Every structure is written in structure tokens, then in C-alpha cells.
């Protein structure tokens, strides 16, 4: 009885909010997926599965896969960049750690569009990077750094890495230092200690940060729009275009449901793996 | 003596698993009582049921004669010292200790003086402003104890309070706890899997096995008169020889009748403590029990030696006090007789 | 006495502030205020102030980045809260077909007389029943005359010479992107037959390899900075580049152009239609027209205004001098209706091609 | 513990990666031509323009209002939700609902919310943006706080109850301080995301400039090429947040050293 009451008090505002401002509105939109696009862009209430059949078209599946690849690469680079940085911060003297963390997050209190735009300035033919490379004699012709997958990935990594640093830092920080010393004591070389002792204990932080980057990347449309030169479409752009350019809400809704299903599956896999890792941790 | 705590027919099930199987127990006021058993026997569950963190499916919990079965933990006149100590990491030692008194809404002055008093008696005064992570294990343990004791509960529940400490500190703390208990005059109920700890500290011990009560009694009673092979084995070391019980003792195949007081019949064991066994080179003729065998090895323990003798297809341990070592030290390989008075035999059911 | 008064005063203050808060929540439902949504910077910054000063009607500006955004918003919200929208003609047409825009009462917009006769016969809305043209023009090639010869054909963009590879951009808005291919192939801009779409698709996928980017917002800056040498551009927007660098020129390829028309519509949901019409009338006035054209550097279909323009302006921005009879011969983009689905798929195909 | 030379180098390069683009923008904000690519001389012109650009100032104010209120609401509601979820039996359905706001494409949520508000005849304005931002902010607060909750010793909650504290007191005096770093991190994350959010804000904003937020304004502006005022604004935003953080750190060392 009393536990139920406590649960209700804690859960009701949040779940109520999500029900009212997410579940109901989205349910409304998702029903459109079963109807036809009106001639001028509205909804014709004629029941159909056509939108789902269209979503299974190799064209759209291909975009899904490519988005997953780009988001995956962005995630990978973000982790590769963030992990050593987070690790270095945990090894810095205690009194500097907070400052170091704040400096990681500080740039992100400006604005996403501005930060993305900054990379246009950095990467274009006359930009700082090309100028420096030419100045150093690395290349004589400016390299095409902008308006391609590379630029998109750089943009995504730039915008999301700080959050990965925070996630990994907090999991590194919770490690019992003695387990590291124990490993060293048992004769493990530095990298082995990292691989077999530190990494497994921080894998939940890595997973949390990684999923964050992946999820925000795959649905992103501003970065591919600005840095990809409109050249490649990620699934975020595709859905955006269906709702706005093509004014095909039913098809947009069908694509969204598909994307959500894929990501849900992904998140559950992560949750299961994390729980298993945590379970092993407890058992040992 | 009045009854401090009484448990009546407590049953606690998790799904199909029965953690506590109809346990009844009464603990007297000012008693130092131990719940002893191997891990997973349900002793912690029983303790948490008393504290109010577990709700039993059946049974009644009485404290000082009052039914508290459905009382919230915070309203029970008992306090729990957690195995992990559960110190609030963000509060200083002083704040941790004051917390419970603040919950009672006591005047600030009283809180201050009671905290100071308990910190002084736990020798923690100099650490009052430290955070738990700046303390050693022993200090943390004392903070946890002080935090519970400052509330002056009717009963203090201790969940494996010494398990995180090293052996020497543990032994010191055992005596310390015992002293403190007699000083403050509070009922202590301790949960432990360490039989030595229970024997040293407790006035009475309840041995639990698979959610059932095996035996309750004073340490000496449990040691000298275990009611089951499980209790005999769990407390101290015991030699067993299996056979068939008769009125005079136990018929052991290949050896014959070993005498002892017996109320059983059918398959049974005859048990004897190693310190009751003496080794002789010749068979006794005075009616004492004797089992022939060969010395396997001798272990030196400082205050005594333990000889393991292979006899009747099993191994019999015999303790030889160091004071007697000078006379005749048996050598490995030497044929000997394990000899004891029939009054030290215990006849126990096989299982 | 003072003590007994105090609570009452507090109470009065509380009710007053609650009422204020409620009024805030209820939003600005003033009777005499209109809300206009336009592209940022697409009308002179003090236009609204002047309008209010002249008519006493309060007006507020809301900005949208693209036709698509404001369209999505108006469709989802029924246009509530907006009185006047600036959108391109195919979108005006779709809004009309969806029943979201109001008919314009010409009696309340006397300045409609200022329009060129050609501007009252536009294909999407002959007679200006529901939309008034605000600006119009062509889509062509904007290029750096100091770095290349004048381009003559759309194929110069779609299959650029070697030294132009990677230095050209096309508009990313789908209709104009496809339009370049349609014009190059001699097809109608509104043809959504499968054969045409396939041809256009092949041509554009091939062209994609040589592009720097698809860009419909910063292409003129790419010319100024030298990143690009030639871009597909709306004439008025090319003028922003010309203003920065006189070596930038605008030309219409021999295959022609579309006639794009940015229009003003009044939402059906508007609660102040009379005020909205007054605003439309105000924008169509001669003085306003002159001042719009010379500030945003787009041609307006406002005859009275265009004829009163400073000739120096036309000299600096030659495309400002194009005559309506030249413009009207180009085909207008129309809402694609049923053809939109297939069209959208083709665009996706092109965008997704590697 | 010591930091190896390799790690140190990585950290330096990492900060360079984070800051060089922003420093370049800052430098450009003083560029007379205002062009992103060519330096044409020092000028404060763009700062002048920025401070006289009414819409930008107004939009910045609106953004701050939205971000602060939605962060406060989401932090309170989200923390309660995280605690509620973590102290009861695991439920996949519940997890799915909590993940959902993070993975529903912005545009879908945006159009869904606008359709919903318009169906209910809700007047749009800053309040409708706030209501909408709370949705995804809750999800991120919950995610961060739950991670924190999974790694702390739950017996301290029982200890508190055992010592006589009510559930509310336990929540306020033991649980909340113990998960405070998670709550603060969640709040910072929501604030950051809310300040940046554009699509949902655009669709749920009321008509007119009274509910235009900065990202909406910037997005509309960069369609015409980035105007150099934006560089100036980025510079100011950076300097302001930098100062705020320094002041806050001085004022309350506790919060940051915990």
C-alpha cells in the first residue's frame, strides 16, 4: 500500500507529463502512417499499409544503413577521443578535475548552429586547416575537407564528444582504485590492466555515452544539412523532408516508427548488456 | 527476566523459495543474542524482518510485548547496524551520529551533548568533522555503532558487524562490543556466520539452517550438547563414527560397541570432541571407549597439537595440550588407540 | 486600521498579478494586431514600424527559414495566430487547395492597381484571388566573371568544365534543383511523368559528382569567398553577391528559367482580415514598393514602384531591369498534387546517391 | 596519481579540438569585412550591430527563459521519476516510455505537439515551448540520475529509515545529497539541450517575436549566410558563461569539488 503510494507520488508527474505531451500527440501522428497522403499534402483517411511497404524500399533502407554507419563512426571516434581525455582528467590532481570538466562542457553553452558553422569556417578551402596545411607544405592544393561524410562526422563528434567525456569520467571516477593496483600487483602490464580491469568496470559509462551520440547523430539533420553540403541524406533529413518538403506526413510517420523501432531495439540490447555486466560485477 | 523480543511463527517466502520457515524465538531484555548460521540460512532476512525492512507473510513480531509486525522501521524501538555500515557519505561523522536524534526532534543542546558523549565513548571525538571516506574500517565501524547506539534503542541489531575488519581488530572489537553491551544495558542481536564470534560474545545463540531453527541455547550448552550433527559440526570441531544406535551406545562396524548415553535406535553417529580424545599405545581395560588407528599427521597450534588418526575408515582428531607434549609425542605412522570416557560421547541422529 | 488594510491590499495585488499571468498565458489576442511571417531580412527592417505609424495597426514579425517550415507549421496548427504569410507561389497554391488561406477582397486592396498586368495573370492564381505577388524573378547562374567565361547553358552547370569541377553549387530546395535538369532536358518544370523523372534523376546523379555542395542559403557567400566559381541562384540573391564583389554576374542560360513568385497570403484563421488586407495594400503601395525593391534587391511586380526606381540601382544590378513581358514567358512552378509522391522519391534517390 | 606524457598530450590536443573553432569565430567577430574567410582589419562594428539588433536580444532572453524554466521543471519531475523507477521492480515498458523522447525524431514530436495544441485550442507562446522542452529534458535527467542511482549503496536509505526518518526526510536529507552530482549533471545537460533546440521550439512557438528563441532566429539568419553579428554573439555568450562558471566556483567550492 505505502510503497504504491510512494511510487505514485514519484512517478505520476513525470509519467503524466510524458503521456500528455508525448504519448498522446505521437500516437495521433502515428495513426497517420496507416492513411494516404492527400493530394495537396493533408491526410486522406483511407486505410492503407502502403506507407510501410514504401519504407521497406531498398532506397530508404540504404539511407537507414548509411545513417547507421555515419552515426556509428561518429560514436566510435567520439569514444576514442573521449576515453583517454576522461582518463587523463581522473589522473589529474583532484583540485583541477572540476575545472577541466567544466572546460569540456563550456563551449556547449554557445549554440549548436554556431558551433557547426565554426566548422564550415575551419574546413573550407580557404579555412584555417587548409591554410595551415598549405603553409606547412603538407599539400599545395586545398583539400576538399568540407561537404562530405568526413565533415559530417567531424561535426557530430565535435558536438557530442563532451557528453561522452562526462559519462566516462563519472564511471571511471567510481572505480575502486585498489582494483587497478591489484591488477598491477598481479603482474598485468598497463594495457592489460586497462583492458581487463578498467574497461570492463567503465563499460556502462562508455555504453551510455555511445548510445547518446549514436541516437542524437542518427536522427540529426542540421549537421548533415550544413556540413554535408546537402549531399548525403541521413535518416533524420529523410524524415524531415517527408514532413516538410514532400508534405507526406503518412510516409514520414511510417519512417519514424521504423526508426524508433530500430533504436528501441538498440537501446534494449544495450540495457541487457549493461545489466549483464552489472550482474557479473555483483556476482564476483 | 522480561521478554525483549519475541518472534512467533515467522514465515517469509520469496516466490516459491522459503527463506524463513516458521521460526519462533524469544530474546530476553539485556541479552546478547547471536543468530548463527552459514550464508544463505536466512539469518539476515530474520534480522531485517525484525527491523521492519521485510514483511513476513505469516507470524508476529513483538518488541517489549508490543506487536510491531506492521510498524514502519522508523517507528520501531530498534536500530540496525548495517553490514556495509551504510554511513551517509555526504555527512561528517558528527552529522551522521546526530541524524537519528534530529529525527526525534530533540532540542539542539541535547543532541549536541548526546552526540559528544557517544563520540567520546567510541573514541571518535577527534574525527567528528571527517567524512566517512576519510576513515579507516575500524573507525567507520565505530561510527556506525555510535550512530545506532545514540538513539538508545531497546534492541540493537547488528548485521555481521565485524566481517569487514581484519582478524586482530575483529577480536578486539568482539570484546569491545561485549563490554559496551553490558555498559549500556541494551539487548544486542547480532547476526554472524563466525561461530567463534558467537561463542565469545553471545549469552545465547540460535543456530539457523535453511530457514529453520536448529537449536537455541547458551554457548556451552550448544558446544557440549549439540542436538544435531549440523550444530555439532558448525560449532567447534567434532569427530563422528557412524553405526547403529543401541541402548548402551553405537555399534560401529569393525570396532564394536562405543559407549555413550543414547535414546536413539537405528542408524546414528557417535560423536566426540577432539579435546576429549587421548592417544594411548595400549588398549585401555577400564571400560573407556577405544578405537585403534594410525597417526597420519601432527599439526602444531602453539597452545596444543592436533593429531589426525586414521581409524575405522575415517579420520579422528585428537587435541594434545602443549603442556603434555613433553611426555609422549606420537609420531606419524605410529599405531595408537583413540580413547575417551563414555560420558563425553554424544549419540546423534545420522542426518 | 493600517494593519487591517494590509492583507486586503496584498490580496488585491495577488489577484492583479494572477490576472496578468493569465493574460500572458492567453497570449496576444489583441483585436488590432496582426502577425506576419516572412523570411528573415526579406522586408526592410522598419517596414512594420512605418506601417503602424501610418495605419495605427500593430504588426509583429515572425521569421521562418524556409517555405517548408512555415507550411508545416500552418498545416499542423491550422494557421492559428498568423494573419499574413510570405510564401512562394507553389506553397500558396497548396495552402489554397488545403483551404487554409482566405480570398482577398480587391476592394480593400486598392493598390492592386499598382501591379503590372502580367502580375495579375499568374498561372497559379489568375486574378490574384487569394495571393498577391510580392517579388518575382528568375533562377539562373551566378558566377565569377573574373574566373570564367559567361556560361550559356544549364549543361555548363550540370556537366562543368574540368577547372570548374568541385567549384559549383546547386540549390538544395528540391523544386529548383530538379528544375535545372528539366530545363536542360527541355521538359516542363511540372512534368512528373515517370520517364521525365528518370531522365532528370540520371542527369542530376551524374552532376552530383562535380558539385561542391547543394546550397540554397549561402551560395553567394561561396562566390564571394572564392570557394565556388559558379552557382545556381535566384537572381535577387545573386545581387547580394554582386553587392559584395562587382565581378559577380548573373545570367539566364539559353534553355530558360522558371518564373518564381513570392506571394503574400492571408490566413483563413486570421481574426483581423481587414487589418491584414490593409497590410497587403500597404506593401503594394508605390512608396513601399520602391523602398522594398531598393532594400532587398529583388524585382517586385509593382509597376508603379519599379518605374520609380533609381536607375543607378539597375545599372549595378542589371537583372533588376528585366521586364515583366520577359519574365512572364517563363513557366511557373506549380503544386505537383498527385505527382508529388513520385517526385519526392526521385529527389531522395538523387540525394542518397553516392 | 601521475599522468603519462601521452595522456597529457592527448588532453592538450583534445582541448585544442574543442576550442580552436570557437577561438576562430571569436577572432572573426572582430573582422571588419565580417567574412568568414578573409581578414580585412580590426573592427567592433558587429558588436555595435548586435547590441542594436532588437530581435537577437529579445530572442536571447526568450531562450534563457525557456531553458531555465524547462530545466527546473524537468529536473524536479525527472529526478522524482528516476527515483521512483529505480526503487521499484524493473519494467521494460516503463523503460521504453523513458527512452522514447530521446529517440523520437524532433520533427515528429514537433508536429505532433503542434497538432495536439491546436486540437486543444491552446494558445501558443513561450509556455508551449517550455511544456514541450520539458518532455525531452525529463528523459535526459532520468537517464543521468538513474545511472547515478545504480551505483550507490541503497542501504543508506534503510539506515535513514531505521534511524527514524520519514520517507520524505530520507529523500531530502540522504537520497538527494547522495545523487546530487547526477541531478546537477542532468540539469546542466537539459539546459544545454534546451538552449540549442530549434525544431520543437519553432513548431510550438507562438506567432510573433514574443516567443522566438535564439536558435530559431539564428537558423532563419544563416539561411542568408552567417551574419557576423552571430560571431560577436558567440563570443559574448562564451565570455558570459565563462565568467558565470568562475564566479559560481568561487562562490561555492563545495558544489564543484564534490
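Should a chain be cited, it is by its letter among A, B, C and D, assigned in written order, with residues numbered from 1 in that chain.
Throughout what follows, contacts are C-beta pairs under 8 Å (C-beta built on N, C-alpha and C of every residue); 3 or more make two chains touch, one makes a residue touch a chain.
Model, not experiment: these values are computed from the prediction.
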TODO: Could you tell me which chains are in contact with chain C and with chain D alike?
DONE: A
Task: chain C reached from chain B - shortest hop count over touching chains - done: 2
Task: Selected interface, A-D versus B-D, where C-beta contact pairs are more numerous - done: A-D
- [ ] Just grab the chain with the largest centre-to-centre distance to chain A, centres being mean Cα coordinates.
- [x] B
Task: Distance from chain B to chain A - Cα centre to Cα centre, in angstrom - done: 55
Open item on the list: Taking the mean of the CA coordinates per chain, how far is chain A from chain D in Å?
Closed with: 16
- [ ] Averaged over CA atoms, how far is the centre of chain A from the centre of chain C? Could you give it in whole Å?
- [x] 34
- [ ] Scan chain C for residues touching two or more other chains and write them down.
- [x] 66, 69, 72, 225-227
Open item on the list: I need the residues of chain A touching at least two other chains; which ones are they?
Closed with: 124, 126, 243-244
Task: Numbers and ranges of chain B residues touching at least 2 other chains - done: 72
Task: All chain pairs that touch each other - done: A-C, A-D, B-D, C-D
Task: Sites on chain C touched by chain A in the complex - done: 66, 68-69, 71-72, 75, 94, 97-98, 166, 169, 172-174, 208, 211-215, 225-227, 335, 337-338, 340-341, 343-345, 347-349, 351-352, 354
TODO: Would you mind writing out the residues of chain B in touch with chain D in their complex?
DONE: 51, 53, 72-75, 79-80, 82-84, 86-91, 99-100, 103-104, 147-148, 151
Task: Residues of chain D touching chain A in the complex - done: 1-3, 7-8, 10-11, 14-15, 17-22, 24-25, 28, 36-38, 77-78, 80-81, 83-85, 87-88, 92, 95-109, 111-113, 115-116, 119, 131-132, 134-135, 138, 142-143, 147-148, 150-151, 167, 181, 185, 188-189, 192, 195-196, 198, 214-215, 218-219, 222, 226, 230, 233-234, 237-238, 241-242, 245, 249, 256-257
Open item on the list: Under the definition above, what is the set of chain D residues touching chain C in their complex?
Closed with: 35-38, 55, 111, 114-115, 117-118, 123-125, 127, 202-203, 206-210, 212, 216-217, 219-226
Task: Touch list for chain D against partner chain B, complex - done: 153, 155-156, 158-166, 169, 173-174, 177-178, 180, 258
